[in-house]
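Here's a structure for you.
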Amino acid sequence: MNSYKRKLLTIVTEAALETTLIREIDRSGAHGYTVTDARGKGDHGVRDAGWPASANIRVEVVCDAETAQSLAAHLHDRYYQDYAMILFIAEVEVLRPTKF
Amino acid sequence: MNSYKRKLLTIVTEAALETTLIREIDRSGAHGYTVTDARGKGDHGVRDAGWPASANIRVEVVCDAETAQSLAAHLHDRYYQDYAMILFIAEVEVLRPTKF
Amino acid sequence: MNSYKRKLLTIVTEAALETTLIREIDRSGAHGYTVTDARGKGDHGVRDAGWPASANIRVEVVCDAETAQSLAAHLHDRYYQDYAMILFIAEVEVLRPTKF
Amino acid sequence: MDPVILFFVLGITAGLLRSELRLPAAVYEFVTIVLLLAIGLKGGIELAKQPLGQLLPQMVAVVVLGFVLALIAFPVLRKLGRLQRADAASIAAHYGSVSVGTYAVAVAYLGSQQVSFEEHMPLLLVLMEVPAIIVGIILARGVSRSTRWGSVVHEVFLGKGIVLLLGGLLIGWAAGPEGVLPLEPLFMDLFKGILALFLLEMGLITAAQLTGLRRYGLFLVAFGIAMPLFSAVVGTATALMLGLSLGGTVILATLAASASYIAVPAAMRISVPEANPTLSLAAALGVTFPFNVLIGIPIYHAMATWVLG
Amino acid sequence: MDPVILFFVLGITAGLLRSELRLPAAVYEFVTIVLLLAIGLKGGIELAKQPLGQLLPQMVAVVVLGFVLALIAFPVLRKLGRLQRADAASIAAHYGSVSVGTYAVAVAYLGSQQVSFEEHMPLLLVLMEVPAIIVGIILARGVSRSTRWGSVVHEVFLGKGIVLLLGGLLIGWAAGPEGVLPLEPLFMDLFKGILALFLLEMGLITAAQLTGLRRYGLFLVAFGIAMPLFSAVVGTATALMLGLSLGGTVILATLAASASYIAVPAAMRISVPEANPTLSLAAALGVTFPFNVLIGIPIYHAMATWVLG
Amino acid sequence: MDPVILFFVLGITAGLLRSELRLPAAVYEFVTIVLLLAIGLKGGIELAKQPLGQLLPQMVAVVVLGFVLALIAFPVLRKLGRLQRADAASIAAHYGSVSVGTYAVAVAYLGSQQVSFEEHMPLLLVLMEVPAIIVGIILARGVSRSTRWGSVVHEVFLGKGIVLLLGGLLIGWAAGPEGVLPLEPLFMDLFKGILALFLLEMGLITAAQLTGLRRYGLFLVAFGIAMPLFSAVVGTATALMLGLSLGGTVILATLAASASYIAVPAAMRISVPEANPTLSLAAALGVTFPFNVLIGIPIYHAMATWVLG
């Protein structure tokens, strides 16, 4: 079976941003996303998920390289300063190129 | 310390499929798997995990390239049509080649 | 926007190890980590998260190659024998090189 | 209107207005588990009081009722609704089976109307969950050799719903009214409060299903209202035949009218995967559940009063 | 000391000692949901008993109170605290709004002191949550065109807190004292037990906020104690003007003195993202919440007794 | 048979039949937290009634009992079971310590047998949790300098179990019988219902441990039954020496016979990581817990009756 290269953009950020972030992803042209609940630590200190204000989410978007780059750049410019957030992009192979 | 190349197959699908999927992974020859609860959106609409019927799982399998390819192809053929499911494969390094 | 190569070290292990593991990560020089709750199966059998003693965590650390290698090697030497644990490292791109 | 219903209305409203209100999955599960055990326990206590043999006619009747309702729904869905074979079979299974949430609302309704009913109804509830699932699978795939009946049986009888209902029944039956007494503060006194939380969540879920509905149109709405009305008539007739009391008749009509959304969706997803779950859930949860809860049960009450009066 | 307060102390202690004790997020949510609904229901029952029109003066007064307290806090934070505009605006919004947890403790306190109060207080609680949020946003950004007021309104009125409080109020009001009776075992009888669990968790959370405090110094501690004392005086004066009873006066003083940590943080995070949430939570949760719960409420009680005596 | 036991049987059965039934982790935690607090509170109320000094002999006795049982178990496990040093030490620690779940079942059992007991037993429960852990660590590693006793003490005394039990004790003691009254609906009235849910989950967990058992054979089964019987005899003798009542004797025998599965596994995992947790959990949860709950407690009751009669 053939496989095709796509990008996996992973975003870890504050749970409070979920609705906003999903709107941004929908607008970016990506076809879907996956969210899991998370906790962690970074420049904004420990976020231990004990209550909504300190919970994180981990969002994954599989999409083409261009969408990944532009979505990442947009999120970076718009949210990095004010929110606890990290972004990273990995290379992945998918089986159905039209799906992503 | 030496490191060895393996594949990381990630599957996001309906929580209802967990038992079935685990059976498939066991049969595939992979040595293990990791499951986390998730929600998301894709071609089958929003799955918001509010109740069991709309919950997703995110399953990871670290294995050799061949197992990853054949398991992915099998899952694709068998479940893609009827279930909300995505698959993607990434390259990873592991420390103990015999474990995976 | 420029992007920079970093490593993503993923650790899946027993939930009981969370505090210890976080201390190790802090010491390793990595700038942060992300934790999600998980379940799974491996050489140490099925860990189904039904209660604390059988729960897993999935920890991710984005850092430079050197830190990833040395942290992985240290965890491997120190914990692999006694704990249910796997480690794998992937290549990722990040936007802000100083953050990781 | 019973205040528990108002919680359902609150949930739907919050869902439609896209409120941030969301109950964690664990809370939904907790509330469901307590409800299922409570219903089972209550029925079991009653079983302890009377010989099971005497209930045999009723037990047989509801099993037949489950089969029949699914078999009637199928051609309607296939012909009038022009649905695909698998979808029609799956929806038929949902409507032949029963909804525990609807049952609980009917119990609460009769309580506040001070109408008593045969307390062994949870036994009939359990019995009526299963037959339609089997009908649905056979309608979808025929009695082919390839159906893994082993795993179907496993899926059906060992699903959360049946295990907790049946477990509760057996425990209630073994422990008897005296034995269950110390469990009552949790399972009986809190029942309505827990039911209120459950209905709040069901309202949120129902609101989400309405999207599915918008996509699949009028037929499902019509079916989701007409089918329970028809089933309630059949249920009432069956109750009459069995000589049930007024309350028992309302309950049996409600059981017949209700459509499953716990046991059947899970079973269909595994055994008839080609059926689109959006369709069946839109009908069962988006239309029939609110219809029964808000309008149906009082209608079935009126119908039973009229028939038995 | 009321035993529920001891649960708060237990939580803080466990948190500061870095105990492994942690309540799962789902338990926190469950406990919060039950508390919010219970408070709403209780207020709603009372509303059913009296004409709403008669409460209009009180309703207007607390809305104004919310505006005023936020407007007073802002320049203090800006000038004395030398905080950035956004931070001062956000903290002002927290202190102009109210804390449901503190309210619940005050209710428990009055209960054990056997002081009665106007039971419609939850209505005032709901009304007082919102105005300060609007003040905070305007203070932070001016009345610029670019503020997406649509999404602000959505965020504010459709957040979990308001939906559950208001929903509870409406259900209690529609169902009346009789109708709510079967819900009482969960929402009334368990109230104090659930509040104890909530305060245990709040203690753990408070302990975590103290880190934030250590970083941002003395001003926040001073403000976090002085502001509630000042607000309580204003609240007491307002209560006097409105002719509230002793209990009602204590409650209104407590509401004024309390700082929000559910509705406001969520709204500020979205609408004034440049404000640092560590600052506002350190003050509201790390200082003011424990101050009110442990020391403030008895002080406000003494104050009201003195004023009204 | 007490109906709460039937919930345990339901859980085991569902687990062995590989039912889909699973309680979310958050529900397990919730139920555990309520049980631990309830047991602590109950003991604390009693402590408020009597001078602590009077209990000193009992307190010392159970601490010694904990040490002794672990020290007896170790050579048996090492010699007869031919287990590795770390494994033997870890299992010895489990059996020298106590199981809160088993204690709760014994309390429920005595309640339905209408046998009263010294209500300060939760104090002894807390005291008996710790000593065996220390024995276990020393047996595994010697009193080497490298053991980080600081983190051991932290792990042991600040684990969830001890914090909640001790916290409950202190709160109950400070608040006294009157003060705790408003908390009773949650912590006392619901106790048996919550215990039922806990035992349901424990049944599911026990069923899962049986796999571990199958792998490690007969010795663990034999030890898992013989050790509690032996410990119960020692416990009964101690109770006799201390002049406890019939109920108190049954409780102390049960405490001695029970094997920890909350505090000890967590502590061993960190402090004696080379011990295989599958072994200790298979014995403590797969054998001893069900043995005590289903058969042991009535035996200890009979034994106490015989000895004291």
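Going in written order, the chains are labelled A, B, C, D, E and F, and every chain counts its residues from 1.
Here is the rule we go by: contacts are C-beta pairs under 8 Å (C-beta built on N, C-alpha and C of every residue); 3 or more make two chains touch, one makes a residue touch a chain.
Predicted model only: the values in this text are computed from it and were never measured.
K.L.:
Give the chains in contact with both subunit C and subunit E, ordered by label.
P.N.:
Of all the chains present, those in contact with both subunit C and subunit E are A, F.
K.L.:
Would you mind naming the chains that touch subunit B and likewise touch subunit C?
P.N.:
A
K.L.:
Subunit F and subunit D are one sequence twice: same or different residues at the contact, by the over-half rule?
P.N.:
different
K.L.:
State, to the nearest whole Å, the distance from the C-alpha centre of subunit D to the C-alpha centre of subunit E.
P.N.:
41
K.L.:
Using CA atom averages as chain centres, what separation in Å is found between subunit A and subunit E?
P.N.:
34
K.L.:
Just curious, how far off is subunit D from subunit C if you go by their C-alpha centres, in Å?
P.N.:
45
K.L.:
Of all residues in subunit B, which are in touch with two or more distinct other chains?
P.N.:
Touching at least two other chains: 36-37, 90-91.
K.L.:
Residues touching two or more other chains, restricted to subunit E: which are they?
P.N.:
Within subunit E, residues 20, 22-26, 29-30, 185, 189-190, 266 contact more than one other chain.
K.L.:
Among all the chains shown, which pairs meet the touch rule set out at the top?
P.N.:
Going through each pair of chains, those in contact are A-B, A-C, A-E, B-C, B-D, C-F, D-E, D-F, E-F.
K.L.:
Which of the residues in subunit D end up touching subunit F in this complex?
P.N.:
That would be residues 24-26, 29-30, 33-34, 37, 154-155, 158-160, 163-164, 167, 170-171, 174-175, 179-180, 182-187, 189-190, 266 of subunit D.
K.L.:
Touching subunit A in the complex: which residues of subunit B?
P.N.:
Going through subunit B, the ones touching subunit A are 10, 12, 36-43, 56, 58, 69, 72-73, 76, 80, 86-91.
K.L.:
So in the complex, which bits of subunit A are touching subunit E?
P.N.:
Residue list for subunit A touching subunit E: 14, 16-17, 20, 37, 44-46, 48-55, 79, 81-83.
K.L.:
In the complex, go through subunit E and note every residue touching subunit A.
P.N.:
Contacts found on subunit E: 22-23, 25, 28-29, 201, 204-205, 208, 211-212, 261, 265-266, 269-270, 273-274, 277-278, 281.
K.L.:
Going by the contact rule set out above, which residues of subunit F touch subunit D in the complex?
P.N.:
The contact residues of subunit F facing subunit D are 1-4, 6-7, 10, 14, 17-27, 30, 108, 111-112, 185, 189-190, 192-194, 196-197.
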